[in-house]
Amino acid sequence: MTVNVLYFAWVRERIGLPREAVETEAATVSELVEELKTREDRYAAAFADVTALRVALDQELSDFEAPLAGVREIAFFPPMTGG
Amino acid sequence: MAEVRVQADSFDAGAELNRFSEAQAGAGAVVSFTGVVRDVSGGLEAMEIEHYPGMTESAIATIVDESKARWPLTGALVIHRHGRLEPGAQIMMVATASAHRVAAFEAAEFLMDYLKSRAPFWKKEVTREGTGWVAAKDEDEAALTRW
Amino acid sequence: MAEVRVQADSFDAGAELNRFSEAQAGAGAVVSFTGVVRDVSGGLEAMEIEHYPGMTESAIATIVDESKARWPLTGALVIHRHGRLEPGAQIMMVATASAHRVAAFEAAEFLMDYLKSRAPFWKKEVTREGTGWVAAKDEDEAALTRW
Amino acid sequence: MTVNVLYFAWVRERIGLPREAVETEAATVSELVEELKTREDRYAAAFADVTALRVALDQELSDFEAPLAGVREIAFFPPMTGG
């Protein structure tokens, strides 16, 4: 399947782009992260510590063990600092 | 009854408060919160606020819906800016209205606590020495346990 | 740094909020509360507010001083009206400003709780059926134990 | 001594005037209240239940056992309902 992967804040800066289409058969967020980490050093750097990251699936906060079946948009970002 | 705006433009907090208050029939209490860019270190040139278009609006709407389920509000307003803001600029505001003061205060604090940690905004400080992302504070995450 | 006004005239809450906010150098958080005359029974013609000239101002000033001793405020504002007010009219407002949101919220709630029970104002409801003094609520007195 | 006695809200309405000068030798607020109650029925009615009243001495909240020495202004009123 093809998913849109979005990056925000320092995740976007480390990976060097705000979004990309990714072809994957990963069953969960964690599996997708492992795939991305093998791509290039900048991905490995961005995902080195996933406890410092948050993930949203189709624009809703989720977690790294969530299944990806049916998901079209995945976003990775650091903890939010609004307000 | 509830209004959410995510915008780059500045806003007039006083005019927004008056407009909001006038629409609250039956409310005896109106609470507002305005957040302002502070120059903590004395060298801040700007605060750059990134957000997640689409998710931002729906995440705030969810938080507002939750506040309306918990307190008997006649209305709620959230305005949050993104983009480059200079020290002294207003970042965001929240307003709540209810028959009684305790509900209006609690709902405003609830909205602020959740906007801090659950709405997809990220702040970056720009100083003469460079730039740096503002780290989330443990105390902001801990504040959610109150609710 | 602190402003207390006791007046018969109406006021523009939005304009007051903007004027207050602009004077708060270093404040990241501004909280306001506005109290509005509610027509609870559907038959309220007016609320008449009596006060104790002289003591009113000094009692409010004491409450404001106490809030400044408890929280690091950059400023505080209290406006309270007296005389005859019709439903929908603004009775009073409080504004507080601080570096952080928790201090600004707590100080505003503290000021409201003390103004309710410790500032010499008395409310009388005027309805078509007659008039009656508003009784103090046990919950308002109990609210003071929080501080 | 002569003290200014002020009445507010329903205390003022029951007694029928907002303020008056009172000549008294009362040592405490309670003693003054007892003196006033003997004056006329309207005073007895206003002061029938002092637990429903508050007192301020020279514009500061006080209590019914407080001494009156040196006090110039005494105010009686129901619990306050501001805000």
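Some observations on this one:
As written, the chain order gives the labels A, B, C and D, with residue 1 at the start of each chain.
To be clear about the criterion, a contact is a pair of C-beta atoms (placed from the backbone, for glycine too) under 8 Å apart; a residue touches a chain by one contact, two chains touch by 3 or more.
As the structure is a computational prediction, the values presented were derived from the model and not from experiment.
Between chain A and chain D, the least number of touch steps comes to 3. Chain B and chain D have Cα centroids separated by 49 Å. Spacing of chain B relative to chain C, judged by their CA centroids, is 23 angstrom. One simple way to say how far apart two chains are is to compare their mean CA positions; for chain C and chain D this gives 26 Å.
For chain C, the set of residues that touch two or more other chains comprises 35, 101, 112. Residues of chain D in contact with two or more other chains: 83.
The set of touching chain pairs reads A-B, B-C, C-D, using the touch definition from the header.
Residues 6, 8-10, 12, 56, 59-61, 75, 77-83 of chain A touch chain B in their complex.
Interface residues of chain B, counted against chain C in their complex, comprise 12-18, 21, 24, 26-39, 90, 99, 101-102, 104-105, 108-109, 112, 143.
Those residues of chain C lying in contact with chain D across their complex are 35, 50, 52, 54-55, 58-59, 80, 91-92, 112, 115-124, 133-136, 140-141.
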